Amino acid sequence: MDISQEPDRAPVKRDKRLGERVRDVVQTRAFLLVSIAVVFVALLVLARFQGVSGERLLSLAAWGIMLGGIIGLGSIGLTLVYGVLKFPNFSHGALVTLGAYFTFAFLAWLPQSEPLRPLSFGWEFPVALVLSMPLVGLVAVAVDRAVYRRLRRQNAHLVLFAMASLAMAFFLRSIIYIAWGPDFHFYFPGRANPALELPLNIRVRADQLFILVLALMLMLGVYVLLERTRIGKAMRATADNPELAQVRGINTERVIAWTWLLGGALAAAGGTMYGLSSQLRPEMGFWLLLPMFAAAIMGGIGNPYGALAGALIIGITHQVSTAFLDPTYGPAVAFVLMVIVLLVRPQGLFGRGGG
Amino acid sequence: METLILIKSVLLIIPIVLLLLLLLPARRWRLPMAVVAGVVLAFALSASLPSGILAYSVSFAIMGCVYALLTLGLNIQWGYTGHLNFGVAGFFAVGAFTSALMTVEAPTGIAAQYTQMAFGLGLPFLVGVAAAALVSAVVAFLVAVPVLRLRMDFLAIATIGVAEIIRLIFQNERWLANGPQPLRGIPQPLRCLVETQGCGWLPPWTTTVLEPLTPRDYPLFYLTIISLFVAGAYLLMERACRSPWGRMLRAVRDEEASAAMNGKPITYVRIQSFVVGAVIMGIAGALYAHYTVTIDYSHFHALFATFLVWVMLMLGGSGNNRGAIIGGFIVWGVWSGTAFLANAIEPLLALIADDLPRRAAYFRWLLVALLLAAIVLFRPQGLIREEKRVSRYLRE
Amino acid sequence: MPLLKAEGITAGYGDTDILHDVHLEVNDGEIVSLIGPNGAGKSTLMKAVFGLIHPRQGSIRFRDKEIAGRSPYDIVKEGMCYVPQVANVFVQLTAEENLEMGGYLLDERLLPERKERVYELFPKLRERRHQRVGKMSGGERQMVAIGSALMLEPELLLLDEPSAGLSPKLVDEIFDNIHHINETGLAVLMVEQNARKSLAMATRGYVLASGQNRVDGTGQALLDDPEVGRLYLGG
């Protein structure tokens, strides 16, 4: 990122060997998109081959968008922290789980109201969500203060950060196990949420639509925050060049705290949505960790919009693959997509430069 | 009765001598000292300890050896080359299931309905271990080639994913290794020595000599076997690390660019070390499978097989094989010890909430997680620093 | 009272000291040029002044206030801005956002007016204000970098090799800009490879070699000094 690094348009005129030419083509964004499309089409063909109906595939794709929204909420926080602090935060999955369980705890505490038909929940659910989000954000800030900030002061190597985050992942997970036990929980056990019939015979539940709308609203909020507010711009600036940010008068420690707060809050929203769409279990965040990383890498690390796009791709692919694969293989599907991205274009869909 | 203690003592000699060799400082009198002290200790222990405690210590030591092997494997990857492998559990599982599939006899008749497996060859123990090493190597190679040329944080993400997927495969694919159901009946080497009919391929007097032993005493044999494996892996690693190859690994770890400029084949070297580490982990998996007899996917949880191993290596000291083994035993001791602790605090927890005592076990996780965080924060070099001695031709 | 006064600075990276007992002074309205061979410690001195590395010994006083050991984002508040040699713009942000980050400490209502002043100084930036800086040329980046540093209207501007990597024509343009900025009353401390050009413009100069002060003097005196000419200005 220094001055000498000119825009990547300037082509170098020289004879290239065939291998280099092939590599240049392979590393383009178009090639990556094509390879993702190929995977996708292969999935569809496989599904058709197994006699899955078109309507079911459409419904699956619709659920996939919803799942993409959930993964996206998690991966935005992951990619922001990755961009600002330059380390993969393996404890992000635990923050997702924690958010789901905090909402669960608040629901037990809040008075229950009548369900807002056709949704399966009443007013207390959004209230619990709004309470849980900043709380998880604060947990993330506290962990940063206790662990990562010390490492920053020691100028520790990236791997120590990664390792500390692995430790924190198990720490938070053990707290979840201790507080809520290893069993499944439901936000609203036994409450029915029948599927709505949409045009084209798409069947989705109202809750799923709610999840999608909420995810979109939060994304919009993130967009406004990052593009229009001073702290959001400072976050992007700090991710881009932390030292220069300090030189420009930005208190990077404060920006980092805001980044954790935002990332934690979004993780909590993602976890709560995930809990609403299926059930709560202590491993749910760990299960989402791989899709979230895949989305962050696919979108280019540090790029929240890219992460969202990656999350949608992964969510849809994952859901469509359940037509013929055991759904527990979800992380594997995300992993395959991630490996393709890493092989073809490690800087991600929206990253700059080749190679 | 006396012969029983005598036999037990003899069986304990090799593991104890090896342990002493590891712990004693490198002096000229180390070997004779270790042998003499080892023999004395072996007799003293088997004569004085009640058989229950002795049996517990032996099984503790066997699991400690399994973890020591895993830690040694991780040490070559992380300690010497700087690979951030968060997927130890994957290679451990591959080794365990491979060896199991190679050595178990495929069930026939009605049993085949309860136990499905892709194949069961009924081959000898050592063939199973070798196959485990080979398959781990292949898996590691397939992971390494695409990912190792990328940034090391991507390797961490990729390996955590590989381990998870390997676990998912063994969980879901019934045809492969009995799916979510446990795979039972993994044969134990030299088991026949403690059976009444004896080993057919050994001279009959062995059966007579070992007559007093019951199948319960079998772990004593296994401890000897596995401690020999640990010693072999340790010597091999020490040898390798002091060789030009080991120096090249460290050069690649510390100064990749200058190592490349000096004409070292970086990518190749990094793949080699990753594969070698995975082979040791695979062997550890095989030895674990043959010890526990029954395995299923849940044994290869990231907590037990990846996280604990990292804590062990970080505690013992990355880049130090002795430290890796010692760290393995210490953390395994802490982990086993906290089981008692968890039992002890149960009544206390009952006072706080009704549900809590059942969850006492999770306080162990908490403790180990905090232990790793503390190591990372306060002593990232571990108990024993990396040795500066890089060649057997150099003396300090 | 000098604007900036550094005395007895010993600083470096890790355990290695690069600067040994270095002194430096900048007075109001001056252009001070810091020259010397590669590896003399010029950039290190700039970083030490700006708190990016903390000096092991010595004092740095800005307007008679000790600033050694404080963080960069804190030092900025005192009225001193710094343009690093490399990585001196946020490539992911637009030109305008870069300027806004330059004015991060300002009241938001002051931003439009300050931006306007920078655009007057660098009209080219006004045209490309919504362009991402990563897509800009070296000269334009340098303008963004200097422009961002001017947003706070500091009393002292620290420039680390502002002409590095630019074409001769752009070098002249940047020097003109610096001259112009200085005429508005801003003191400038700069490190330059283009030693002759910068000394010609400078009120005073310091020659640094192997982390120590070698020669101090007015810009003209240094240009006329035969030894400085032979050793540091290429004959």
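Think of it as A, B and C in the order they're written, each chain with its own count starting at 1.
Here is the rule we use: contacts are C-beta pairs under 8 Å (C-beta built on N, C-alpha and C of every residue); 3 or more make two chains touch, one makes a residue touch a chain.
Note that the structure is a prediction, hence the values are computed from the model and not measured.
Between the contact lists of chain A and chain C, the overlap is empty. The most distant chain from chain B, with centres taken as the mean of CA atoms, is C. Chain C has its Cα centroid 41 Å from the Cα centroid of chain A. Rounded to whole angstrom, the centroid-to-centroid distance between chain B and chain C, based on C-alpha atoms, equals 58 Å. We define each chain's centre as the mean of its Cα atoms; on that basis chain A and chain B are separated by 35 Å. Of all residues in chain A, those touching chain C in their complex are 1-4, 6-7, 230, 233-234, 236-237, 239-241, 243-252, 302, 352.
Looking at the complex, you find that chain C touches chain A at residues 50, 52, 71-73, 76-77, 81-82, 84, 86-93, 97, 100-102, 104-105, 108, 134-138, 141-142, 148, 152, 164-165. Of all residues in chain A, only 87-88, 90, 147, 150-151, 156, 158-160, 162-164, 166-171, 173-175, 177-178, 181-182, 286, 289-290, 293, 297, 326, 328-329, 331-332, 335, 338-339, 342-343, 346 touch chain B in the complex they form.
In the complex of the two chains, the chain B residues touching chain A come out as 82, 84, 86, 146-147, 150-154, 156-158, 160-162, 164-165, 168, 171-172, 302-303, 307, 310, 314, 355-356, 358-359, 362-363, 365-366, 368-370, 372-373, 376-377, 380.
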